[in-house]
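Worksheet: one structure, shown below.
Labels for the chains are A, B and C, by order of writing; each one numbers its residues from 1.
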Amino acid sequence: MRILLDKFSKSFGTTSVIEDMNLEVGSGEMLALLGPSGCGKSTTLFAICGIHRPTAGRILFGDRDVTNLPSQERNVGVVFQSYALYPHMTVEENIGFPLTVRRVAASDIKKQVAGIAALVHIDNLLDRKPSQLSGGQQQRVALARALIRRPDVLLLDEPLANLDAKLRLEMRSEIRRLQKETGITAILVTHDQVEAMSMCDRIAIMKSGEIVQVATPSQMYQDPRTAFVAGFLGNPPISFLKGKAAHGAFVSTDGKLQMTLPALSGIADGTALTLGIRPEHFGTAGNVPVEGKVTFAETQGRENLYDVVLPDGSVIRSIQPVRDDVTLGDQVRWGIDSKSAFVFAEDGTRL
Amino acid sequence: MRTSRTLGMVMIAPAAIMIFLFYLMPVVLTAIFAMTNMSTATGISGGAWQVTASAVNRLKTTLPELANGIAEPRFVIDEDGLKELEALKLKPGFATELRAQHIGGVYPSRREAERDIKALKDRPNTREVKQISDIFNRSVLNTRFESRDALMTSLDKLGFKLTPEQQQIVSDATYTGWVWTSENFSTIANSPDMLQILINTGIYVAVTLTLFNVTYALFLAVTTHYMPSNTASVFRAIWLLPRITPVVIYILLWKWMTWDNGFISLFLAQFGVPPKNYLLDSAYNAWFFVILINGFIGASMGMLVFSSAIKAIPQTQFHASEVDGASRWQQIRYIILPQLRWPILFVTCYQTLSLLASFQEIHLSTRGGPGKSTEVWSLAAFHTALNNYTGNLEYGLGAAMALVLVVVGLVLSLIYLRVFRYDTLISKPLIED
Amino acid sequence: MSEKSKASANFSSIPVIALLGLLSLPLVVMYAYLILDTVTNSEPGSLVPNEFTLEHWKFLWETRSGKSSIWLVTLNTFIFTCCITGVILLVSSMAGYVLSRLNVPARGFFLAGVMVLHAFPSVTLIISIFIVLQYIGLYNSLIGVILVKAAIDMPLGIWLMKGFYDTVPWEIEMAGIVDGASRFTVWRRLVLPQIKPAIMALGLFSFLTGWSEFILPQVLAPGSQVQVLSVYLASLIADDNNFDFATFKAVGVFYVIPVLILYVFFQKHLMNIYGGGTKG
């Protein structure tokens, strides 16, 4: 089912959290709401499931306007960060609860619970209490409970935040598998870009109550609209250099680095600029040479990571295949791949 | 918002109704009663007009003539009455003989008047005697009138011509029901008894609070802290007993302890000390035990609050201070006490109110005695309004005293709400449905 | 006790135990003799019992003239206490939830009101309630006293329950409503089960205070048909003709036994309420 937020605004008292937000999630699509904490992504999620009411604007499920419907009538499934399992009920009662409150016949509930439990692989745990389950198992119960009544939309609020690293990896693919198998429209709220990029069809990046960009993960990585987006995606993160425009080229503050970029044609000389270089675009292969001193070197097994300090004090990160000829303190002369460099205006918009 | 609001209203309704019925109404009524002179004598519903001796006394200052008139004895053999008697057409001898023998005769009571009537030669029967004496009833003294008008008519018949103002004075003086008055408050403000009670209350609250509810509670919390936890819980259990035990039994135990056939007397008798009632023999002893009785109950709350506060202090602080060479006293002085500041303030505030309001223990043990030496404010209010030996329960005065307590309690608790940052306790509901 | 905090190894606990033991002696003596005196006799003027007897307990099977049967009084007390407990639990568990979670007008005001009422001098209420009950005809009836007693303990109940509800995670309720349950169902089926220990503790507390209550039944329902144990015992003691500490104590023990049993078994719950529960 398609989800549409139309000029959605939300404020608490006098604090406005979200203003005039528009967002469309296609039917069967999984979308990530990605952003730092406090950017309004959880507020958006709570508004979609009806725990919060929008101050203005509309929320549509398909063609149905649910803006003023209470949660109980919206048919949404939610997996909370803490899972919010009912501690006094068994796994079976937990999963069946959404049906119980709809007064579905007990035998039907049992059948459906068995089915959904098999789907999330917890059919052997039905008699346990939540406190007797591991984090991953609790997560599966929460998923099963959210899915059992075939909701129009599945909302996941930081579902992996409370898991350890290994389980996180496992549940990442598990959630994606379930979403694909059920064909349900899903929205994932997270502050972890890896989660967003690996699990979702599209990502909506949010910053202080606004959606900065909506795109597929690869589009967003390769074509960030703002410096914020470029900085948020990618690990290790992108490096930024300060400079000015001069004759269609980017010139660093000390003037030593000059890079002609097609995006800069028609930009007035002296305009303040920020250059963004991803670590993989700075290394031996780059076309614009830069000299600096290695102040940080770390191997990650397959690749090495370096920080290079330029004469003006700014730092560029580099990631390269493993090599052992460069050590801390070495003077290096590597190149930036100018085709892949991003240049941003002072307000952060990409040029 | 609608559904949860409706549900909320429904769910809070029972509590609201109970608060209305048993807190708001009583407080309002207390305020109303405080403005009246209601007592057992006046009743609580309404009254009548009765020319009692004391009403006459009251009248003597303002209307002495009338007062004397009313106070005149009751039965007078006069011409009016004789005429009336003749009109009744009983035996004519009655009137003739009365006129001849007793004209102008004055009888202070019905009995004496009827003795003379009975002695008439024509021997009136009992019914006639009563009939005749009624005719000569000439006084309103000790007569009860159900309405003001009845009284006035009667006075009028007797020849007392009263101006409306005088009527009002007579009516006020003879009314037996309750009336509006602010006398209660002037009594409270001026009576030396009240001053004594106020001083008693101050001593009682201050001494019990400082010695037991705070100091001894601290002592209990700190000493049990320095014990193995099993021993500590035994002591805490012992010291919680006074609070758990029903008050009637608890006081019974103290009576057994202090009375002349009780433990202290028996124990000291082994050393030749004559037995006596230690609870009531002197004001000093009475105060000693009243404070002990209340203090033993009061210590437990502080003990528990302080104990859990001490438990909340990270163990590492104790370890560190011991490694730093602190003695036990220094540990108490520099680690424990500074971190108990808020709990101590809280207990002090809370227990001040509890002590101000408490009276059951004193009522059951000393009853405020000996004399009135251990009478405290709330007990005095209770005694005045609901429970005293004289039998005249002064609801009005008692209510006024209670009202003083309400005002003090309200002001104190509002201050406490400020001090303890009450506003941080309300959080906004997170579900907007 | 589950969490054992060890006393410091650097300080001996013997002196404090000895000191506190000494100070606790009066209480221990009082309670020891409370039990002892009911089953023994001693020589006049002596504190050491010399014979075992059950004569002080004969009030159980003999009703004194002019007094109600102890069993009727006990039944009264039991009904009285259970009703109080029921009313307090019902009213405070509902009101506490509203104050903790639901959006009602004047919620903050109500909560502040509850806190102020919590410390209300009960003597002020008794005087006018006495008169009110006489007016409405509930004077000398247990129902009247039950309502009044429940009302007086209710602010504490509401306050405690509000505190316990505050500890239930919001997510549980959010999950409940997105699962399609109404707020009432959420309260009944999801939230109430989480605070069972709190309900238990409050119930216990209400039972104990109800069982112990003296002044309210004494003033508001002094009639012999509605007598409760506290009033019965007090009238026994106040009756100068039959002065006998041992019998008083036997009645007292009979009266206090349920309290002591509950106390022994649920000491921890009670400590929470009497100490922590009253925290502002």
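Note that in this section a residue touches a chain if its C-beta (ideal position, glycine included) is under 8 Å from a C-beta of that chain, and two chains touch if they have at least 3 such contacts.
Predicted model only: the values in this text are computed from it and were never measured.
Visitor: Counting C-beta pairs in contact, pick out the pair of chains that comes out on top.
Guide: B-C
Visitor: Would you identify the chain whose Cα-based centre sits farthest away from the centre of chain B?
Guide: So the farthest one, by centre of C-alpha atoms, is A.
Visitor: Identify the chain whose mean C-alpha position lies nearest to the mean of all protein C-alpha atoms shown.
Guide: Central chain: C.
Visitor: Where the centres are mean C-alpha positions, what is the separation of chain A from chain C, in Å?
Guide: Centre-to-centre distance between chain A and chain C: 56 Å.
Visitor: Distance from the CA centroid of chain B to that of chain C, rounded to the nearest Å?
Guide: 25
Visitor: Compute the distance, rounded to whole Å, between the mean C-alpha positions of chain A and chain B.
Guide: Each chain's C-alpha centroid was found; their separation is 71 Å.
Visitor: At which residue positions does chain A touch at least two other chains?
Guide: 50-51, 70-71
Visitor: Which chain B residues touch at least two other chains?
Guide: Residues 1, 3, 430-433 of chain B each touch two or more of the other chains.
Visitor: Among the residues of chain C, pick out those that touch two or more other chains and give their numbers.
Guide: 174, 177, 182
Visitor: Quick check on the complex: what are the chain A residues that touch chain C?
Guide: Contacts found on chain A: 46, 49-51, 70-72, 74-78, 80-88, 97-98, 101-102, 145, 149.
Visitor: If we count contacts the way the header does, which residues on chain B are in touch with chain C in the complex?
Guide: Residues in contact with chain C: 1, 3-5, 7-9, 11-12, 14-16, 18-19, 21-23, 25-27, 29-30, 33, 44, 220, 223-231, 233, 235-249, 252-257, 261-263, 266-267, 269, 296, 300-301, 303-305, 307-308, 311, 315, 318, 322, 328, 346, 350, 353-354, 356-357, 359-360, 363-364, 378-379, 381-382, 385-387, 395, 398-399, 402-403, 405-406, 409-410, 412-414, 416-417, 420, 422-423, 425-427, 429-433.
Visitor: If we count contacts the way the header does, which residues on chain B are in touch with chain A in the complex?
Guide: Spelled out, the residues of chain B in touch with chain A are 1, 3, 428, 430-433.
Visitor: In the complex formed with chain B, which residues of chain C make contact?
Guide: These residues of chain C touch chain B: 1, 4-8, 10-11, 13, 16-17, 19-20, 24, 26-31, 33-34, 37, 45-47, 90-92, 94-95, 97-99, 101-105, 107-108, 110-132, 134-135, 147-148, 150-152, 154, 158, 166, 170, 173-174, 177, 182-184, 187, 208, 211-212, 214-215, 219, 229-230, 233-234, 237, 245, 248-249, 252, 255-256, 259-260, 263, 267, 270-271, 274-276, 278-280.
Visitor: For the complex, which residues does chain A have touching chain B?
Guide: Listed in rising order, the residues are 12, 50-53, 70-71.
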